[in-house]
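All chains are identified by letter, namely A, B and C, in their written order; residue positions are counted from 1 within each chain.
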Amino acid sequence: MGTFIIKRILWSILVLFLVSIIVFVLMQFLPGDPVRTSLGTDVDQRVVDEWREKFHLNDPVIKQYLLWVKNMLRGDFGTSIMYRHSISDLISIKLPTTITLGLAGIFISTILAVVLGVLSAVKRGSVTDQIVTVFASIGLGVPTFWIAIIFILVFAIKLGWFPVQGYVAPWENFAQFCRYAAMPVATMVVTMVPSICRQTRSNMLEVINQDYIRTARANGISEGKITYIYALKNALIPVITIIGLQMRIVVGGSVVVERVFNINGVGNLLMNGITNRDYFLVQACVMIISIVTVFTNLIVDICYGFIDPRIRKSWR
Amino acid sequence: MSEIDIKSWQTETRKKSRKQAWRVFFGRGLVTKLAFVFLIVFIVVAVFADVISPYNPNVQNLRLARSGISKEHWLGCDSLGRDVLSRIIYGARVSLFASVLAGLIGATIGLFLGLVAGYSKRILNTIIMRLTDALLCIPGMVFTLVMTAVLGGGLYAIVVSIAIGMIPTYVRMVVGMVTSLRENDYIVVSQMLGARRTWSVLFKHLLPNCFPSLIVLFTMNLGGGIMMESALSYLGVGIQPPTATWGGMVSNGFPYLTTNPGPSIFPGICIILVVVSFNIVGDGLRDALDPRLKGKL
Amino acid sequence: MKKVLLFGLVILMTIVSVFAGGSKEPAAAPPETVTEKRGGFLTIGSNSDALGLVPWEIIGPFPGWIASNAIFETLFKADSAGNLYPYLLESYETNVEKLTWTFVVRDGVFFQDGTKFDAEALKWNLENYAHNGIKKDSYFSKLDYIEVLDSKTVVMHLKEWDSTFFYSLTREAGKMGSPTFYKKYVKDDFTISDADYALIKNKVACGTGPFMLDSWELDNKITLKRNPNYWNGDVLLDGIILKKFGDSLTLQAAMTSGEIDMWYGVDAQFITEWRAANKFNIFFADVPDLGGNIGVIGFNMRDENDPLSDIRVRKAIQYAIDFDAISSAVYFDCWEVLNQMAWKDSAYYNKDVVGYDYNPEKSKQLLKEAGYVNGCTVRMTYGTDGSEPLFTAIQGYLADVGITCNPVPMARAEISAALYDWGTGMYLHGTSMPSLVFAQLGVQFLQGAKNTFGANNFIISDELDACMRGALAAKDTKQAEELIKRAQKILIDEECMVIPTVYTHQAVARQDYVHLGTSNAPEFFLYGLNEVWLNK
């Protein structure tokens, strides 16, 4: 088990290095000059040159890359040209928001999706199953930004149940957090539940028809026990991978969700960075987002490794 | 058996399996048939937009701004008095074009890289696979967003970005297939017959076996491509006014949601219908062509 | 087991919805009472964050500048008629021959850190502005030196007479910060390190105003708390919260649900709707001496390969656009459509300017004369921050006469950088130009100007230059007015250099329980925040 974990961690680090190279190279091609754009018109060339020196923009590319990586390892993600603020500061304020909402979304989606998936698998062919399947199929095609706008129209504007935009952290005021987070989380749920639900359902169906289930039934074990102890445990294993994948989608989708609901998270920060051609900010945001994704995958894989010995074997 | 007999036996088998595939596909029920028909309609509408659209999508009639459903304008007008239905029809063209082109580019490059990675020595394989993994660690939305900005925005930037985002899935699938097929006896034998024949092995044997899965993946990705393109248009990364795009329409209609929600709602419904149809058709194709993929795609 | 799961889910959802339910009704309007109430936080919503709280870098009117008005006060203030009066000063004197301004500092003015506002403090602020001020080139370029005569008197010596100086002291250059405080961050030679700059930009501030900076969550909200030792009376509110929202729809919902008490920068859509329904007490909070904002599109006349260098093409473009229709569709008939760079009741409005009505036939005719019988291609640079509807509408009209107008969208930072040289084509000036003060107009169209609107793109005739210079140097307002009126004729009818669009104002919505002083006059919102109170 130990070898597995270590190998897995090393692999994650390697991948993150590759990601940093990809991101850094991409940023070199971003059109527009962030320094000039940020400083504005009333500024001499001399001042622009000073800034370029200060941000090491005139150094050879490899040197800039190594400097960037070195600083990142120390936790310094550079200075945002547009905010004139330390990026680490900005991220430390905004990352908890994105992660909290993401976790809330994943948590609720998983519970809902597993319940629905199991229900429809166990009651295969019934009305429940058909309804769930139809909604899951439609849900796969619902664009995040659109369903968010529909929620705003119906629940915030017409019914006035929830505020249109904004965010309050759960540790500041849990009741307000529920109010503000309700719609963003609902949006994430609508986009995530369909795929988890379908996967759960098809896995459950597969497992239910296995020999060992038939044997258990023949041995007189109750239907309930069979469903929830034997079948579900085995069916859930691939679902764990899907949940891991959902983190990638949730964090990526946070760009849209945070934009529509005007939430101050890393997604919104990234969008602002792109709009204002702030290289350092964009680089940092993409790295942070990737680090979160890689870390989540690592955790998921390790859990997976605990549960399924075959996975551990494949990493030898 | 003689050469000719083997050939005709192969043709017979192929014909039978094709017939079988059609039967399975359409045997899935009414929904699949409906989705298939809807997609045909979508493609026809997109391609023949000039003929089908009741109005020019960019013609403004400011006096009619934000007007609702009427006899002349079946889905109403947007904030600048442009006909919503016409803009949806032309938007279909943008969506179809973007997703098909992105899909083709992604599939071609992905296929090529996958074949190379699956078939070649360890170093090349490792490099390609690690890069693919790295790309998959950057969330799709984030990557395409940044890539589009880097490429300067606009339709082609979006297409290329979505295409690049699709490459990893193709690479992984092709590598998986190649790895499993490589061990087959007839491949080993072909290899023993000489290095010159590597490429012919690839093209004659591996490639045709990949096709069914490729087609399924391509169709599924079309839906994903449309979702991505509409999200990028919504975020406003590049398709310039006055071009009509579904995502752009939703975004432009947002400030007037209370008085005139049509321009924001209708394009979204279209997106749902099209993407769901692609998924259903993709499911059907998967069952018909390569049921082994069930549960994986 | 299934039932338990389902039941549990239902309970969970009920709990969440209990927490999450909210009321939609806005607070009912209380009966009018005269007695002020103390306390409470005023929440003001707007669609952008403040740009910074460095007193010598503040420009307005942008939503964020409410924060600066609460923390810093200016040497002069304007009353509702636009007349300036000394505020932090007791008196002032100008001497055109000797080229001096003499200021006498008011007694009893204290900064938020307890230090006194005296002549030395004034001198430091002025000198600092001359070094670091954001508009130092426009306003302080003629400054020679400053001397302190005694503890209350400061004399500013100019190299050349400049009448625009007065106005700057009401706004940008006049915001006084505590030297004791800021000298911790600004060195003796008036340079500032980056670390220090980052701090004074959005972490710390110290002025003479009724409110102090408590915290600033970037892109989210600024919290101000009352200054308990305010030198000019009592501060009725406990604090002010300035919240940033994403767009007008959210702000409208926030006003309707009572989440915010005021909305600064109301959209045209809601101005019309709410005025008609008599909701939310819409008023205009223009800076009194600046007036509203003149929207304008500039032509690059210098590129000889571009169709716009031909005056007939420029005129054709103006004839092609129906601004009345645009005013109704894009601006909800809220704003006056302009035909020159002044609004109808302004002193600088020239009745003899003809302008260009909506006449597509004439437009096509002019194009034909210019040799573009099959149309031509031009481009327009505009900011993505809200100018897109106007751009698209104009693009549509130009397409009707055969002119293809290609978009060049830019984000906020880029668009301001492009102000003085936007390259080929037209430029849609998003923030537009303040109207009342001729000084604003006067510094725009001068030959050889560097950092003004279209400095590298306009071809300014000698006569236009003479008019503007004359107005700047004019010793009486009547003369300045005549010169500016002549300039209007040149700008619009004779040279066709700009397309004026609409005359806008900074509209503010206010809940009924928010009282601005005793009379609810707009000035309190900008300059009398200590007298704002909530009847809650």
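Operating definition for what follows: a residue touches a chain if its C-beta (ideal position, glycine included) is under 8 Å from a C-beta of that chain, and two chains touch if they have at least 3 such contacts.
Not measured: the values here are computed from a predicted model.
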Between A-B and B-C, the pair joined by more C-beta contacts: A-B
Farthest-lying chain, centroid of Cα atoms versus that of chain C: B
Whole-Å gap separating chain A and chain C, where each centre is the average of the chain's CA atoms: 39
For chain B paired with chain C, centre-to-centre distance based on mean C-alpha positions, whole Å: 47
Whole-Å gap separating chain A and chain B, where each centre is the average of the chain's CA atoms: 23
Residues of chain B whose C-beta touches two or more other chains: 254, 257-258
Chain C, residues touching no fewer than two other chains: 247, 249, 384
Per-residue multi-chain contacts in chain A, two or more chains: 152, 157, 259
Residue ranges of chain B touching chain A (in the complex, touch as defined): 130-131, 133-143, 145-147, 149-152, 223, 227, 230-231, 234-235, 237, 247, 250-251, 254, 257-258, 261, 264-265, 267-268, 271-276, 279-280, 294-295
Sites on chain B touched by chain C in the complex: 58-60, 62-63, 65-66, 79-81, 236, 240-242, 252, 254-259
Contacting residues of chain C [partner chain A, same complex]: 1-2, 5-6, 9, 16-17, 19-24, 134, 137, 194, 197-198, 201-202, 217-220, 243-247, 249-250, 253-254, 257, 259, 384, 411-414, 416-417, 419-420, 451
Sites on chain C touched by chain B in the complex: 247-249, 252, 267, 269, 322, 325-326, 328-330, 384, 388-389, 391-393, 395-397, 399, 406-407, 409
Residues of chain A defined as touching chain C within the complex: 32, 36-38, 40-42, 54, 79, 82-86, 90, 93, 111-112, 115, 119, 122, 152, 156-157, 159-166, 174-175, 178-179, 182, 224, 227-228, 259-262, 264, 268-269, 272, 275-277
